[in-house]
Amino acid sequence: MRKIHGGTGAAERAGEKAPLLLRLAAGMALLGIAMLFAMILAFALPAFLQPGPGGAFGWFWRPYQGEFGILPMLAGSLLLSCSALLLAWPLALAVCCWTLSAAPGLLRTGTRAGIRFMTAIPTVVYGFAAVFLLTPLIRAGLGGAGRCWLAASLMLSLLVLPTMALILEAGLKPRLDRLCLGGQALGLSKLEILWFLVLPQSRKTMLAALLLGFGRAAGDTLLPLMLAGNAPQLPGALTESLRTLTAHMALVTANEVGGAAYNSLFTAGALLLIINAVVSLLARRLAGRPGNLPGEQM
Amino acid sequence: MTEGPEAPENIPEPEAVQLPGSVHLQDLSVNFGRHQALKNITAAFSPKGISVLVGRSGSGKTTLLRSINRLNEEFDACATSGQVYADFGQGLIPLYDNPDLFLPDLRLRAGMLFQNPNLFPVSVYRNLALPLQLAAGFPKAELPDRIRQALTSVGLWKELENRLDLPAERLSGGQQQRLCLARTLALEPRILLLDEPTASLDVHAAKEIEDLLLQLAGRYTVIMVSHSLAQAGRLGSRILVCEEGRLSATLDAGADFSEEMLARLL
Amino acid sequence: MTSHMPGEGVKRPPLFRLFKHCYGLAAPLLLFCLLSLLGFLLYHGAPSLNLSLLFGDVPPLEAISGRRPVWDGLWPAFTGTLCLIGLTMGLALLPGIGCGLYLAEYASPRRKKIIDSAVDILAGTPSIVMGLFGFTLILFLRRTLLPEANTGLLPASACLALLVLPVLIVGTREALEAVPESLRLTAAALGFSRSQRLRRVLLPAAGQGLWGGLILAIGRCAEDTAVIMLTGAVANAGLPAGLTAKFEALPFFVYYITAQYQTQEELLLGFGAALLLLLLAGGLTLLAHGLETGYRRRWQGGKR
């Protein structure tokens, strides 16, 4: 019989375990994550178990009549993030293709720096500027209250665009670099190489960018809270008001209604937690190794 | 599991057995995930002269070298089977699965030199002092002496005597590689494992290193991977040809090997 | 862009031709939006960027020493944010950097996978859910061990710590993994034990990269609003009085002014606060990015 050495962690083979402090640190980090899930799911459990009338899964939010449905908010979250992505994803792709293929120049350098800088802008600052700049414009141009689906959707797309552009660039650039010389030798322009050769290879990256953009858009609180008007209804038009799950959570805790209203709060939290967990796991699987996605940590 | 810490049962080349510094590979296989880098290699390296490993890239030369100081284990998904025996002065001891062998000790006694001069991003002095102090555990008072000796033995002392505080990255390529050799020699190894030590140097610097190696060959067991057949011919007292994870030929200096003959074997 | 290719005569699909004509517009459009928002903020906020923005009518020294409360300046919100950053970092540093080191140097592939997934999930969790975590934690404590538990500085920092944890973990791990493999091997070949190698060779080599992650985490902590909204930020708390006291913070102040401003002066204060926050968060992120770029250039470019 022959002995096989190795197979697990290099450190363990080398006969050395991680120092206690590091193992403790990793344990603490995992414990924090576990507690996050445990607490929120435990508090949301009653609402999931009793989906009766007046519970969280109804289409009406009328606290004074005992109705605490959050389905309009769920729909609001989905509508708002999807509409924001509809605008932001093609733009992100265009910006990314342009910075990758255009000749270097002041505008290109400026665009790259601008995208980097945009990931650093606090969302509350975006919201603040939009309340005083964008909403008056919408009110004057399209009528209505100004704080509406359209306003929130425009600002959200501005918020997620740099994240998506950075992910796309990180995924497309190595492939482009590999194919560039060969393609140009065949008489193709950089843009043509991108469009006909690189993009078809990069479906996963593009989908990952879309998913992570969705996660950011659905998880953002301040922009919908400040810009979407917050009426708990299904909007009929872009100029109407809507309320997202995140904004709903902020409003309910601010007003301290208590009781059944809190149930809706926990349900909304659990829904967001689950949606975003699935989205980020899927996106990372698509984009390959974690940590290859810049911007996500911004 | 028949292999204990006693000597191997069938010794490949009896003449080399009793000499301190000899190395035996027995039925050695190394896998990285599904890729088998070494396939059941049995070989012996004698402490006399320089043994040179040659072969195409990907033939397993470096893996073979690294199996002797167990550096392959620094990579995930590496699995080794078989055994390596080495004599550090107390008879042949097994290097794998030996609870009495402390891994850092093995690496001190089998020193390694890489293709690129891998200096730490600190001063010349600290580059030598750090491993001496941390890995070998020499008292601080001995360090200046040992460092002077090590630098002298590679012919760097005169050049660097007054510039020990210089960042090591500022030295020339040849100086850097000699400094690396000094750093390894300072740890008082018995075996030297050299992985294409002149590949990143210009002709002149390579010549300096080659001359140094010929001087050292008497005192250490030198096993070296080379990319150049001419160099193998100049330095080697024995040449081993690697091919797809196996040793396909072994040539001794006596059997007048020529470059053409080697080229035919590859 | 280049139009003298021999293939120019070949007809391309219509979607491509549309894209080719329009894609150059996206970047200027983006820059236009960014610049108009920034310009708007600067136009209204820049005039109020001076000492009285922070301290109001109170002499700065008396405000800083806490002898006189500041009612019409950002000082309480600013100190609140600084306290939040300090406490959060105090809580998050050990698990964040420690877990990053563990992942980069010690974890077996299986464990790496598990921890990576957990960190991914945490990184994707919306900040308001982190706030809700603090909120439920307090409710839980009230019902069980601590009937007097309430929202305040410490719970808010704990939730923020969870929020910045992935930033620290990923930053630390990437900084260490960017250290060239050769340096790692050399240290091993010279007989360093793993912990010696980590402490004496890898950590000094990764230093600058570690700072990048750290500063990014600070920026994240300074800008986040949703977490503290649910865990104890209020508009009129004055200087933070203790670990369990309510507190003010810059981002919350900006939000509050948007919703509740009464006078023109308050609105101007809001512009000042937004600009200050932008400078703080933007400056920190750019600094982190600069450090990381320099770090990468050092190991991947250059003569090595």
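Worth pointing out:
A, B and C label the chains in the order they appear, each numbered from 1.
Throughout what follows, a contact is a pair of C-beta atoms (placed from the backbone, for glycine too) under 8 Å apart; a residue touches a chain by one contact, two chains touch by 3 or more.
For clarity, every value in this text was computed on a predicted model and none was experimentally measured.
The pair of chains sharing the greatest count of C-beta contacts is A-C. Among the chains present, the centre nearest to the common Cα mean is that of C.
Work out the mean CA point of chain A and of chain C, and you get 16 Å between them. Centre-to-centre separation between chain B and chain C, using Cα means, comes to 47 Å. Averaged C-alpha coordinates give centres for chain A and chain B that are 52 Å from one another. Annotation for chain C: residues 109, 193 touch two or more other chains.
Multi-chain contact residues of chain B, defined as those touching 2 or more other chains: 74, 76. Annotation for chain A: residues 9, 14 touch two or more other chains.
Against chain B, the residues of chain C that register as touching in their complex are 109, 182-193, 196, 200-201, 204-205, 303-304. Residue ranges of chain A in contact with chain C, taken from their complex: 8-9, 11-12, 14, 16-19, 21-26, 28-30, 32-33, 35-36, 39-40, 42-43, 91, 94-95, 97-99, 101-103, 107-108, 110-111, 114-133, 158, 161, 187-192, 195-196, 212, 215, 218-222, 225-226, 246, 249-250, 253-254, 265-266, 269, 272-273, 276-277, 279-281, 283-284, 290-291, 296-298.
Residues of chain C touching chain A in their complex: 1-2, 5-7, 12, 16, 19-20, 22-31, 33-34, 36-37, 40-41, 44, 94-99, 101-103, 105-111, 115-133, 135-137, 139-140, 161-162, 165-167, 169-171, 173-174, 177, 193-195, 216, 219-220, 222-226, 229-230, 251, 254-255, 257-259, 270-271, 274, 277-278, 281-282, 284-286, 289.
Residues 69, 71, 74, 76-77, 104-108, 111-112, 114, 116, 118, 120-122, 130-131, 134-136, 169, 183-184, 187 of chain B are the ones touching chain C in the complex.
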